[in-house]
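First chain A sits with chain B, and in the next complex the same chain sits with chain C.
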Partner chain A sequence: MEIAKSSKKKTQWKRASLPYFYLLPAFLVMGVITFYPLIYQLIISFTNFESKDLLLGLKSPDLQFIGFKNYVDIFTAALPVENFNFFRVLEFNFWWALSNVMLHVPAGVLIATLLNTEGLWLKRIYRAIYILPVVVPPLVVATVWTNIFDERYGAMNQLLTSIGTYFGNTAPVYIRWFEDVKPPIPGFLPGAPLTLAYYAMMVANFWLGWPFMSVVATGALQSIPRDLYEAASIDGATGTQQFWGITVPLLRPAMIPAAVYGFTLSFNLFNFVFFMTGGGPARSTELLVTFAYNLVRNLRWYGVAAAFAVIIFVVALIVFLITNRITRATQNYQEA
Partner chain B sequence: MNSAKVETKKNPIVRFLTMNTSGQTSGRSLPLWRQILLQIICIAILLSVMFPIMYIVTLSFSPKTTRPSTLELIPKEISFVAYKQVLDRPTGNPVTFIELLRNSVFLSVGVGLAALVIAVTAAYAFSRLKFKLREILMILVFIPLLMPAVGLSTPLYLLLNQIQIKQCAGNQIAIQPFTSCGGEAKGKLVFNLRDSLLGVGIAMTATALPFAVWNLKGYLDTIPKELEEAAAIDGADTNQTFWQIVIPLAAPQLAVTFFLGFIGHWQEFVTTWLFLSQPKDYTLAMTLYNMTGQYANSVPWNRFAAMAVIVALPVAIVYIGLQKQIVGGLTTGGVKG
Partner chain C sequence: MASVTYKNVVKKFGDLTIIKNLNIAVEDKEFLVLVGPSGCGKTTALRLLAGLEEITDGEIIIGDRVVNDVAPKDRDIAMVFQSYALYPHLSVYDNMAFGLKLRKTPKDEIKRRVDEAAEILGITDLLQRKPRQLSGGQRQRVAVGRAIVREPKVFLFDEPLSNLDAKLRVQMRAEISKLHQRLQTTFIYVTHDQTEAMTMATRIAVINKGNLQQLDTPQNLYDSPNNLFVAGFIGSPAMNFFPAKIAVNGDKVIVDTGDFQVQIPASHTAPYKGLNGHSVIFGIRPENIHDPEFAPQNINGVSVSSKVDVTELMGNETLLYLVSGKNTFVGRVDPRSKLRVGNTTQVIFDMDKIHIFDANTEEAIR
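Here is the complex of A and B:
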């Protein structure tokens, strides 16, 4: 009797603890290389941690706790860094991610629809080639486009020159894409002037971004029943009406997660921005991540960098909570 | 209806290439003026897509080391000089192309695999098992996803920097922080985990692991539970269900998660550039950066172009092969649709 009871208890305990055994490997590893660094980062964000403290870490005798000074310095632009204003960088970062998605998604949908036109010649060839930007790593895309926007030898200025020659303008075009600090459209984004470098980056990232959206849209277009369009055209709906009345609403379930994915990807697009402009000129294209990299790699203010990382974390958390409401990423199978 | 079902199972690149191409079957044909108009638009898009690709490919086939002063988008001659030079001697440092390739492969494959193996059981627990702390632990795992790699770099640098192997006087080996040379003796540094590919791999796993859990959980959520329920009725316990039913069902997504890790870390730059100091540990991505960075003026441009093509190729091949799974996994599987 006693034995049966205890063994029943044992199996119950076993069942209750089983999930934790499944979690054990991941949490052991993350405890050391993820959670410990996160907490460490939080601690040193309240200190004046610098290169000289790297050897001894928190045991360093020079290390002082300075309260919220790092945070205050970041928010009030009191850091001795040229052209740094946190809120301008933040605003630019949001605008950068948003403006990219706002261009990529409609372009992707339109081009997918275009290629879906019945009776269009050479569809296969177009589809095969339009996919190419998706498969090139952003690192390579950025290095190649930096080269294209080069002032003297870049293909973009050469292209503009050839177009100019065609219209009778023989003077070679020398646009200083990455150096010019004067915004071409003043006041376009209040508080964060958009330099030519931003537009150059938009062009390059547009090239990189829309084909992915187009692939997602193509998959979704395929699942729309043909009968819907036939019924609509019998009822006398024009092509444009069909597009807005059938295509767009039925694409939405597929395009919203894709847009959210695109937004978060652009928001932290370190490789691309770092390799194209490095945040310049005059930090006008700096993202939060590229500035964080600068703080660690070039300025070596580890305390400030830690505070900055904590701030990025909070910003990302807010972005996550908003986008999560849209896609409900953490919902599990039972709740669905 | 049946054919549509079959079609959705195909690789989307195949689907993308073959779908709806037969205008004839529907009986409707495009008026010629619209056909021409759409063709013009398609060709314009085609040119814009091909423009940077042709530019870099042309440059890579050029025997000249300088960039052309006028636009060249079609190679005048096919010369493999640049490729040969890059393969022979990729940088100014005494490091061979094979070593760079090996480092890149070691890091991207190693991190992809490590993250996958560690993540898979946790993903299963989060997707299928019920337990008290589920919500809290899940948030804990996903929290690091919000931190960019550079945000964790300083503590990881310090942590990994503590583990060093030193050769003391008298040929003793000390493994810090567990043993030391004794007294004030410093000893000769033999191995520093921070300044090694292994250490960088560990640091990169810190951000790769939460992503793998997230990606796998999203996929497991989409697998119908009926099979597992049937197995449970037949008397299988959780472990048996996991190994014999869930793992085989999830095999395609396991592969995709691995390849996503591979693609992401193939071009990893932040951690490698911050941690590694010895040219023998450099990766292809770091080499490409070196070519465009501060030494840009001295670098022959045809070699830079050839290197860009070489760095892009592995990722491009993997991506084309796994198109469907990657696009699907990122949009519908990863985030619950």
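Here is the complex of A and C:
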């Protein structure tokens, strides 16, 4: 009896442990490339880790545990870095992501709706064209747009010049898009001045961002039954009323996850921002990720950078939890 | 409340002519059913009336107004779609109120009308639900309710029952008929189901290949179909047809199918006297074919020799699938019939109930 029981226990244990055995290789790989660096980073975020400590790591004789000093320095803007204020960067970062999504989603929906018109010529070609920005590497996009906003030779200033000429102003326009630190609309975002560079980036990122929303909206539009519009037209809805009364609410289940995705993408849009403005002028377009990169790459303050990365992790986690909740709250109408 | 007139209506999609010169006059408060096989143009005819398709030629008149260029919303019609077309994001109440809200109807008036319609349809408990929380039959009612609250002059129904199961369909059929009596409004109803048409309509328009075949009351359509198509389409099981030739011999008129000959009763022979040798289609409905043992006494019966191929016992009747030479046909006989598969028998044709069609024009000869 005893023996039977113990052998039964044994098989049970075997059975329960089997899945972990299968998962072991994955855990090993993740342990080496994910968890170990994560913990290492957490440890050095409490130290004054610098370039000279790189060789010996935690065994370096100069390494000192300084508690929460790095965190405090970041939050109180006590770092010896010009124009750095954590909360301003955080606020700008949120606003940057939010303002992008607020433009991309409506524009994407509107363009998708217009291109969804029945009997429109070359519809497929338009749809193929607006996929293009999605597949061009961001570095290329950033370079092209940086040139467009060039002070002397950029297309944007030339365009503004010719518009000016049309209204009788012959003087060439030389707007210093990426250098001017004076916000064109002071006080637009309290606490974080939005320089011309922000607006230039918004224009460029708009070009990059709306096509994705349009692709999603185009797909969702196909799933709205045509007879809903017919029923609405008999009910007395005009085209605009049909758009607001049917198209918009029925696109919502598809567009909210897309908007959430767009938000997180813009929130961490490192390469685009880094190559266009480098966070300037005067760190006015710095994102959390670009600043973290600066801390490591240019200043080589590994301890501070580690603390900063931990903070970004917490921020990202909060953003993730909120967006995840939003996405889950929007279920499809058709689902029972 | 209004009459509806299709006057020389033509509808083409590109080179394809869907409706060829349609003329129908629907009277006020009538329940007209447009019936025909799928692809015959009946739904297009309805959509033209609703304004969802543009008319190629002719006129559609609602009341005394030509509505060719009037927008759907201004035609004073309401339509119930096959798919129900309920707004999935709105509650039942808001679905029904949608049209009224757009027309800036006062709030308490909207509430009164929606509550009243919900009462009629028995969906008062469902007003706060979303369409996805409803069963097919309930959605159907909401779709009808959305039409009722608008208080239109004409109700249009586009195959509204085809997505329901058989039992519910029968129930909703009766309810729509009741609704028609209660609302006293013009109903125009499209279906491919001749049973639906027969049970609900005050008049039926049978359409085939874009042409109106016959427009008449259900009973007249059944008893005296104008042509072969109507004869075959109305009635289930369908009328039996036999290719035949007319043989006139003095006062006698014989229909010769090659396998059997039947004599037309003297009282009906007049239209056929001059048609000696003419090719015709001889038609008789299954219920006018009797088992000799149970044939009514007072009919003008003629015996036809045939063999039983298949029997279908329905309880209240028995369907016999019979073979006579190269012809097969169906008889709907008394359930007490003892005829079984393989039996040879002399079934009785009730010759007062026969139909003769011209084999070329397919028009009835009478």
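Note that the second predicted complex is superposed on the first by the 303 of 336 C-alpha atoms of A that agree within 3 Å, B and C clash if a C-alpha of one lies under 4 Å from a C-alpha of the other, contacts with A are read in each partner's own complex, and residues count from 1 in each chain.
Rule of thumb we're sticking to: a residue touches a chain if its C-beta (ideal position, glycine included) is under 8 Å from a C-beta of that chain, and two chains touch if they have at least 3 such contacts.
All figures in this text were calculated on a predicted structure; none of them were measured in a lab.
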Exercise. Record, for the superposition on chain A, whether partners chain B and chain C clash or fit.
Key: fit
Practice problem: Figure out whether A:Leu122 sits in contact with chain B (first) or chain C (second), or with both, or with neither. | Solution: first
Exercise. Please name the chain, chain B or chain C, that touches the greater number of residues in chain A.
Key: B
Practice problem: Kindly classify A:Ser162 by the partners it touches after superposition: chain B alone (first), chain C alone (second), both, or neither? | Solution: first
Quiz item: Is A:Trp13 in contact with chain B, with chain C, with both, or with neither (first, second, both, neither)?
Solution: neither
Practice problem: Return first, second, both or neither, reflecting whether A:Phe87 touches chain B, chain C, both chains, or no partner chain. | Solution: neither
Exercise. Name the contact category of A:Pro249: first (chain B only), second (chain C only), both, or neither.
Key: second
Self-check item: chain B versus chain C as contact partner of A:Ala231, first or second or both or neither
Solution: second
Practice problem: Note down the smallest distance between any C-alpha of chain B and any C-alpha of chain C in the overlay, whole angstrom. | Solution: 6
Quiz item: Where on chain A do chain B and chain C both make contact?
Solution: 333, 336
Quiz item: What part of chain C is in contact with chain A in the complex they form?
Solution: 50-52, 71-73, 77-79, 81, 83, 85, 87-89, 98-99, 102-103, 130, 132-133, 146, 150
Practice problem: Mind listing the chain B positions that touch chain A in their complex? | Solution: 7-8, 12-13, 15-21, 23-24, 26, 28-30, 35, 38-39, 41-42, 45-46, 48-53, 55-56, 66-71, 73, 117-119, 121-122, 124-131, 134, 137-159, 161, 202-203, 205-207, 209-210, 213-214, 218, 220-222, 225, 238, 242, 263, 266-267, 269-270, 273-274, 285, 288-289, 291-292, 301, 304, 308, 311-312, 315-316, 319-320, 323, 327-328, 330-332, 334-337
Exercise. In the complex, go through chain A and note every residue touching chain C.
Key: 225, 227-228, 230-237, 241, 245-246, 249-250, 252, 333-336
Exercise. Name, in rising order, each residue of chain A that touches chain B in their complex.
Key: 16, 18-20, 22-27, 29-30, 32-38, 40-41, 44, 49, 54, 57, 111, 114-124, 126-141, 143-148, 150, 153, 155, 158-159, 161-162, 207, 211-212, 215-216, 218-219, 222-223, 253-254, 257-258, 260-261, 268, 270-271, 274-275, 288-289, 292-293, 296-297, 302, 305-306, 309, 312-313, 316-317, 320, 327-333, 336
